[in-house]
Amino acid sequence: MRRKQELTLTLPELARRLGAQLELPAGQNPDAIILNGLSTLECAQPHDLAFVGGERYRTAASQSQAGALLVTEADRIPERPCLVVPHVWKAALAAFDLWYPDIKPAPGIHPSAVVDPAAQIHPTASIGPLAVVEAGARIGAQVEVGAQCFIGRDVQVGDGTLLHPAVRLLERVQVGRGVIIHSGAVLGSDGFGYEIIDGRGVKIPQVGTIVVEDEVEIGANTTIDRAFLHATRVGAGSKIDNLVQIAHNVQIGRCCGLASQVGVAGSTVVGDGVIMWGQVGVPDHIRIGDRAVLLAKSGIKDSVPAGETVFGAPAIPVKEAGRQLAAVKRLPDALRQIKSLERQIEKLIGEKTV
Amino acid sequence: MRRKQELTLTLPELARRLGAQLELPAGQNPDAIILNGLSTLECAQPHDLAFVGGERYRTAASQSQAGALLVTEADRIPERPCLVVPHVWKAALAAFDLWYPDIKPAPGIHPSAVVDPAAQIHPTASIGPLAVVEAGARIGAQVEVGAQCFIGRDVQVGDGTLLHPAVRLLERVQVGRGVIIHSGAVLGSDGFGYEIIDGRGVKIPQVGTIVVEDEVEIGANTTIDRAFLHATRVGAGSKIDNLVQIAHNVQIGRCCGLASQVGVAGSTVVGDGVIMWGQVGVPDHIRIGDRAVLLAKSGIKDSVPAGETVFGAPAIPVKEAGRQLAAVKRLPDALRQIKSLERQIEKLIGEKTV
Amino acid sequence: MRRKQELTLTLPELARRLGAQLELPAGQNPDAIILNGLSTLECAQPHDLAFVGGERYRTAASQSQAGALLVTEADRIPERPCLVVPHVWKAALAAFDLWYPDIKPAPGIHPSAVVDPAAQIHPTASIGPLAVVEAGARIGAQVEVGAQCFIGRDVQVGDGTLLHPAVRLLERVQVGRGVIIHSGAVLGSDGFGYEIIDGRGVKIPQVGTIVVEDEVEIGANTTIDRAFLHATRVGAGSKIDNLVQIAHNVQIGRCCGLASQVGVAGSTVVGDGVIMWGQVGVPDHIRIGDRAVLLAKSGIKDSVPAGETVFGAPAIPVKEAGRQLAAVKRLPDALRQIKSLERQIEKLIGEKTV
């Protein structure tokens, strides 16, 4: 968890620590500019450093009260003290490390945790208060298991992974290295699988597992179901927001982004670099191609080709969706036009008859 | 938690306790009417008091088996025993206090809770079994922290707030007075923030917090993300239902109502008195004006002016949405009409040519 | 929890255990076919048994590497070793019992659980680590209460019910026999009920409860609110997926299926055998008839008759929805046609005038 640290730096000292080039309006004394924290352009006070994330923030930057601005050469504001860097966000990460260092809990097992003697906990890992770790679980180096987490039998958690309080990893789930899982997420609930036997729905055992690859992030209260027989999978580097549902047997590729409240139904295969915006629904047994973009609230019906951007429910290519929406907007007028054409034609026919 | 209490009252005694005026059909003996509980009009039995919440319930009221009806003068049912009050729901609250008094747990810390010595717990607060309270947390007077709650470092909980079992308040979150938070809610998960650095999505630290103002209610398994740098905010008196997602930096005004499964994306500003019905999605960086109403399942696209009611995905003013829906309903017929007009015109042109 | 068991069987021995008829391509020696597990058709290896769930899987079955196929007579693949049974899934359940037997925890109360002496726990029930069971709760025979569950005051849990880790059953909730509830589900949060008193929204006490009938399954992080006064109800045999919201006073019938992220608002009555696909929203105070099917992402507006299938937001009968969608697809062209007709008519009128 990152915590604010008291730290006061002159502008030249900060420039040195961030590897930034200092550029000041003529006549300003850089040593008189004292910084003690980070802020957004809008909220910054004279002792804050603020970030200029791109060209569209130039107006906000020139109006900001910030003591100094972190910018690229292209976005420099000549009338303001600037720290010029090749990449704003890369330098910003260094600034976060200065003022909000990541403070790890001390290694070891909290005395209130319930850890089975047959679990393997790396000596550099920390297990929080009232966590449960069952037999056969393997917890890697530098792992943080938050308070009240549940780590089931034979679960594996890779090195450097962070489990916030109250994460549930159920029996046999495998989590890679450098993964972050937020509070309340459940990995390993049963898939929603029933078959009709003798006229009633009977539960089909769900005996597979989940594989979460390295550097994945999973949001608060998100749910991922174990596979029917093999493994539900989330590919390396994919980021999943809060309250998302991933059903059994789903395969999510690498470096995908799934925003909040997305749902992906069973056995669907999602390629690499796919973006799903908020509240998208994806049905079962389809394929979403690499780098496809599913716009917010879309209800996908069929497989989506690689690189396609779709919108709507049922979702269609976004350009076609735009055309249809524009046409529907004109529809009430068009219906009146049709009525008017009918009357004119009737008249023409009538006149002809006469 | 409110619990049913055995309590038997004659109708005059109940009238006295509720400050109600007793009105009976001629010839009925009020002391012979004995009440021992509350019910709905439909389910009430002869020993129940039932509420008549307005004019539209008059038929149900006149058919109810209830022993007595709580009504306003305007909705009085002459042929039934009535307790007449100026405001039905205000009197109903008093009736709940009689039969379902709110029973608070005894103050103090359950011996199984894990409370850091550097946490400040008011002596009138109660901390339930297996709760965790970390260093620097401040728990106010009369606060109930339910079983298995997690209260992180430096969290503040104001007087009289009720946390149901298994609520998670992560590091530094601030909760006001008289707030109610339901089980499984997570406040303080990281915002979903990434920037592309050297070709891959890199997590941006989320070091802000959340401010929940007084008298807010937050539903079960709802998630609220901490701000990137400052504070995500929920204004006083706002009510948020279950499974809602509030993203980082969002500002919710006062006295809003957000129904279940609503999602509000990052940095959006919501005014006062806004109503969002179930499953509404609101994108990032827009503004929802005061008293706007977002109808169920709407997918908002742009800022919504104060007082506007919108519907659809993308959402538009509800009147325009109604016109478009009505027009689309007539569209299959209109397409046939167009075909018919074409034929008639072809014929007219053909005849003319001949 | 089912766990993989090492077990190696010859094909004739497996046939005997499953009550299946063995059918082999001519010349194959059945005793040379050795099986040690289950798989899907796609992933199966030569020592796996795989299931052929129906005619549409015949191609996959004929290409599968599985050592043997479990099929009905109608779907038999002559060139592959087959175990022929009257019902594939019924036989598959027996195969799961062989290779993935359901291993119950030992009966008894884990020493770290906090169980009130006034709770009644059947001696054959198991209470997991760090669970809380409050006074008056009654836990039936063979019940599994998972780690970190919360069982509130006067809750009832029927025989043979399975609560996965971190399920929350709040005060007075009643759960039947043979129910399965997944991690993070919350049963008994307050309904979302407010009335305007003196110009502000005031919380109305929610003092009812929930009745979950026998053989229901409830998904991970799903929320079910307690009734205002009587009981929210989920009928016998109904299956509810993850992240579903059931509001106060809702009545769900028997043998319904509600997919992930469905929301049902207050006091709505759902008949028997109703299917709601993912992300459907159902408003308050309506009625969904028996065996109705609400297709994915539909936003229901009014009551749905028995047996009807609906789609869209607002939802309409699926055939009508299909007609409208097809018409909208043709609309951009139709608008151009209208323009063209206008020009032709203008020309006809013009010529006539001349």
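Labels A, B and C are assigned to the chains in the order they are written; within every chain, residues are numbered from 1.
Keep this in mind: a residue touches a chain if its C-beta (ideal position, glycine included) is under 8 Å from a C-beta of that chain, and two chains touch if they have at least 3 such contacts.
Everything quoted here is computed from the prediction, not taken from an experiment.
Two copies of one chain, chain B and chain C, touch each other, and the residues they use overlap weakly: the shared fraction of interface numbers falls below half.
Copies chain A and chain B of the same sequence differ by a rotation of 120 degrees once their CA atoms are superposed, given in steps of 5. A straight line joining the Cα centres of chain B and chain C is 26 Å long. With touch defined as above, residues shared between interfaces to two or more other chains in chain B number as follows: 130, 148, 166, 184, 221, 243, 261, 279, 313, 328, 331, 334, 338, 341, 345, 348. If you check the complex, the residues on chain B that touch chain A are 114, 130, 132, 134, 148, 150, 152-153, 166, 168, 170-171, 184, 186, 188-190, 192, 194-195, 197-198, 200-205, 207, 221, 223, 225, 228-230, 243, 245, 247, 261, 263, 265, 279, 281, 283, 299, 313-314, 323-324, 326-328, 330-331, 334, 337-338, 341, 344-345, 348, 351.
On the chain A side of its complex with chain B, the touching residues are 1-4, 38-40, 43, 53, 87, 89-90, 92-93, 96, 100, 102, 110, 112, 128-130, 147-148, 164-166, 180, 182-184, 217, 219-221, 237, 239, 241-243, 255, 257, 259-261, 278-279, 296-297, 312-313, 325, 328-329, 331-332, 334-335, 338, 341-342, 345, 348-349, 352.
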